[in-house]
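Heads up, the next two complexes both have subunit A, just with different partners, subunit B and then subunit C.
For the complex of A and B:
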């Protein structure tokens, strides 16, 4: 696709992702590329400087600070992005708690913001898609935008979208002379992958899929004519999607469907594509049950599930996460989806799942996680901090109710105030009763038996 | 005794407050307590009575009316009980002369042991000893029906002023030891907007550097107001959605909650979301501390509905009409309060000291009279 076609495809900026679109607009049109690069790297540099300065100020005396803060306020005048609020907070620190000398408050507030940032700083803020180093395929650019704006969300959806985009990339790829497809295609794909990661951290599903893809590519036969090799790869991608996602989902739907009986009250949290299929499938099979949809900020995805279920006339109850204590006594099963499953049996899933599982376990309600095998990660995760992701600040999901006016709500950072919206959390294996996969129903600790069940040596 | 004890003016005052309570124009534990005390003070100052029982009955009927108007605001009943307790105490002091009936048998019995532990005599019938007139109080005086009231009223007014003072200084007293409860660089989790917790945290702010994580407590989103208030007081605050409470709990040192009412078994009613925070804290062995004034102590139990005070708020804050046709097809639940079991709470910080949930029954025994538990 030509560059001009790409520009028209970029959607009009959504109301609160203003800070993302100017740069992406700029990067899409190659004529403005050098200018945007300068801006972008400056913003990255500024962020890093901010963090270093804050860390230094926390340890040193107040001496070097005025110099540092003035430098930052000078830099803050250029461009919008996240670092501006921290330097603004240092400036505003002067007006801080009454009756204290200005220097002291400056030090205090930068200390505080330093501490706040230090605790969760490794989460990293969502960054706008970086400058294109090397040739990024237009589909990948589009995909990156869709990821960063959360238009495509959910482990399965993102994986399928990524693989489909890669199919296009592979088809458009031409092996340069004196090179083999199996070696060069990998280097060709790397910047594309980096671009996607910079838009939004890679999900475990994407990671596993891409690893398989790379394996296939490096194993492709050198003697095959290029078009055949490419077709073969696309075929393998299709097989992967079909086998490990689509068909796996159908098997899970049948297996989990047997756990649903007439008259059950099923509780589910946020929106899992697999759980949605299970519920719809069970209802189509003639089982009559009711569903409790629990939802929460930041994403409020449960509403989408709610519209799907109520369109099928399934009796639904909707509530927000804090109210779960009131209904859990009447629930027969809890069905949740997962982002990934780790080798110690912990489930990494949408933030809030851990609370739901904990409450359910307290009231002896079985918690069933529906998870395809391709979501398994070989790592061990002990808490929700190491690999989490933050949603961008502001109300991009329109998750606040209309009855409360937006100016009474805090949507952006202020002096002394940070906003944190972790997207995921880790449910410990003790809260989970069973995991339903396409190879069977297993307890969460038996993840190591899966490769055997799949007939291979590793996941 | 046929004189109408509640004259018209009194009735009007009580009715006004009752209708305001019913319409939820007065909301919040402290507000309702303050309003109730003011109404009781007016009632007592205007009412005519010639013996203590009449007075008690009048106050009780006022209390019954108010509690019926809004049974979910427990502090109304608590304040009435407290005032009754003070009235009886003042009365006993005023009629001190002959009234000290001590069970002066020297045998050691469990009953005596228990009774001696009581701060005042509850079961001793005073009526008979007092009809023998003694110096100060003239009860049931046919010639001067107001004599009794006249001598007693100033003392009662003082007692009610005590109750009022206690209510007004509740935040200061609770925050007195704030800096002893919070240590440096601590991370505290709180939810919703409790004025008591807010005062507590602000009191410690000048002495300690710590961080507060506020969960925004859907669907009321009171957490936003709390975060605003704390951060403008210079406390480093982090605002998070409720979904991340479990995720962050491993780094949280203390959970601080406010209460709506403290129940007789040591449990409490608190804003929805408190149960989640307390359970998650228990799962991580994080201490849960509740800041509440003593006027929230309620001699009641939560027997029938394990999960809450059965007070529901507006469902449109959960699923509003902007969702269109979903509104018809879906049931929306929006309970306002959670019931938190005493096992999940580690300490109550009150204006009268810190107590574990297991001693709440003793506090209630000291604060109120047994016969007032049922108004």
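For the complex of A and C:
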């Protein structure tokens, strides 16, 4: 689903859509009969706006900066935009998009060529937050942008950012007359949530948190004066963040810290906020161990963790995922984080975690997953591709070492090449030794009994 | 029974009120009762502590209990099963709601509950024996390890109705397997002692393996006398069922990630001896016993490990849950996953 000038088909992507659009795009570029704004219908106006935005992007893209252009055109996930259509859109002048920053249009220049994605097409491509329906709060717009550009990444960070943004939304909300807060606020929040989801698919953490929030809203007392009700909701949000994320992380830090002994070699993958906290906490407690940070492209999140750990003088080794086989025999424990935890004990985490866990299992190294209980999803997940997310290609992420110029390094714009970057993968419960949560150390087979044990009806 | 060192120096009631109650001594004298296992003795010792304590609030009482438990743990080499009992009792005191008229009434109630539990727990072995009976077929050949009271009870119970024959491992270094051998042959059950190293040799002749336990841990795994893990691995390789018998008060909140994550694992165990200069010292002369025949020839001494060498070896080991077929307990016959769900449910709340 790219956001190019797909005129009528703004609906979910399908193979047929993809095949149609090149022609429709070509049509659009040829029929450039100017109409006044009033005469055009809303759809046509929108279509023109999109075209103009695409044109402006193309002109900016073919600007002086070679790096910038490859960056912009690199957004084409579905094979290279045929050169013809790019030049066609350059011919049109265009007034700039109203109020939407440039960066969004990167994705729009990606033209859907005849081929779509072979696999993973069922969850489509990342796209920028499109024209928003209804009025979206500026905080949410900003958040959507930050999500789509991966400025805020990581399950915990996204959830906290979402909830904080919703606090602002709630405070700015005014109940219209003849309506109650508990009912109308929910309808008010829906488009905001949709906007965020369109920026980037919702994480399990965000989903759980929003579900709790909706529950609180619908349960709020009708007789409360509006400001009090809003304050109460914000207080509940704060409690949720504090109880189920911040304090849970502290408990996990203590519990997992007991599993770290002097002289251990701890291996971790990419960057988990919880694991970082555990390692830092254990070092502060006086335990002396060393860390192996395994990282992988394209996100290279491990670099951030590495900088934090080395700043504390923790002896670290940094390597990329393919070389994990050479160090695994030296490792005493593997500590990883999770995006979500499923009822069958499977762990959904950054792509590559499954490899690390399975390798560790082969070598009888215990694999410990650090995960708060609010990350539990009641679903069962059996493989990595029924539900996953693709990373947008291009230079959004930390740069890789530049041996050659960026142009040659970016592999897009080739007709027979697709770049696929799934963000998550599934670690089967058989590869996991233990899951450390704030309620204790649990074997993966018992995950499903946690909510019952805690007396919770929801997660 | 774990080797105990009764040290009077361990003051139990370390809180300011000076009490003439020594928890370690109480514990040791309770253990003299053959029927009581370590966790039960711990529970009774702790209830006695409540009786003689003059704590005025719940907080003081819990602190006194924790201190007492700490003293008990410090006094013995192998505190795991004892720990299970202590934790169970302290969890009972703190987590369950109690309503009583006054605090002293509450204390009396707790003591009473503790003693009632211990009395009831003595029937657990019979329950387990009856449960396991259904899995023992006539003419079974059973392999067991070391000495366990609950396994003894089960075997004797089975012998009343069916024909069984038993292989028991020697279980070095303490040689408790020989005690099993004596008691079984006294009861008329055909029994043979098997070397620890001959378990894989004998495994194909065996119908199933039956072991007792020191503790069952949160992962669903088993902590038992050293050698159990080996037997479990061999049993799995030979597709022989491995059954563990454990009373519910042995369920522990521990979660060992590996053998070396056990609380009983010290840096001394499996260490290489080093002289102060860092060189490996020549091995101390192994104790050599000359048998009667070999007085003439110098070959063929039966060598034994010295006590120092034995001290470098573990006393208990951890068996992973995927190696265990079923755990028979007074709460029923559970799979290891079921055990972990039970333990999580018991302690996580």
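We adopt the following convention: the second predicted complex is superposed on the first by the 331 of 459 C-alpha atoms of A that agree within 3 Å, B and C clash if a C-alpha of one lies under 4 Å from a C-alpha of the other, contacts with A are read in each partner's own complex, and residues count from 1 in each chain.
Definition applied: a contact is a pair of C-beta atoms (placed from the backbone, for glycine too) under 8 Å apart; a residue touches a chain by one contact, two chains touch by 3 or more.
Owing to the predicted nature of the structure, the values given are computational and were not obtained by experimental measurement.
Engineer: After the subunit A overlay, clash or fit between subunit B and subunit C?
Structural biologist: Subunit B/subunit C on subunit A - fit side by side.
Engineer: More residues of subunit A in touch with subunit C or with subunit B?
Structural biologist: Of subunit B and subunit C, B contacts more residues of subunit A.
Engineer: May I ask you to decide whether A:443 touches subunit B, subunit C, both, or neither, giving the answer as first, second, both or neither?
Structural biologist: Touch status of A:443: second partner only.
Engineer: Quick one: is A:222 in contact with subunit B, with subunit C, with both, or with neither? Answer first, second, both or neither.
Structural biologist: Once the two structures are laid over each other on A, A:222 reaches no partner at all.
Engineer: Who does A:433 touch here: subunit B (first), subunit C (second), both, or neither?
Structural biologist: Touch status of A:433: second partner only.
Engineer: Going by the contact rule set out at the top, does A:333 touch subunit B (first), subunit C (second), both, or neither?
Structural biologist: second
Engineer: Considering only C-alpha atoms, give the closest distance between subunit B and subunit C in the superposition, rounded to the nearest Å.
Structural biologist: 18
Engineer: Could you pull out which residues of subunit A sit against subunit B in one structure and against subunit C in the other?
Structural biologist: none
Engineer: Show which residues of subunit B lie in contact with subunit A when the two form their complex.
Structural biologist: 185, 187, 209, 211, 216-219, 221, 224-225, 227-228, 230-248, 250-251, 272-273, 275-276, 279-280, 283, 306-308, 314, 316-320, 322-323, 326, 329-335, 338-339
Engineer: Quick check on the complex: what are the subunit A residues that touch subunit C?
Structural biologist: By the definition above, subunit A touches subunit C via 259, 333, 364, 366, 368, 433-434, 439-443, 445-446, 449-450, 452-455.
Engineer: Which residues of subunit C touch subunit A in the complex?
Structural biologist: The touching residues are 218-220, 253, 255, 257-258, 261, 321, 337, 340-341, 344-345, 347-349.
Engineer: Hey, which residues of subunit A end up touching subunit B in the complex?
Structural biologist: Listed in rising order, the residues of subunit A that touch subunit B are 96-97, 105, 108-109, 111-113, 115-116, 119-120, 296-298, 303, 306-307, 310, 313, 315-329, 350-352, 354-355, 358-359, 362, 383-385, 388, 400-404, 408-410, 414-422, 424-426.
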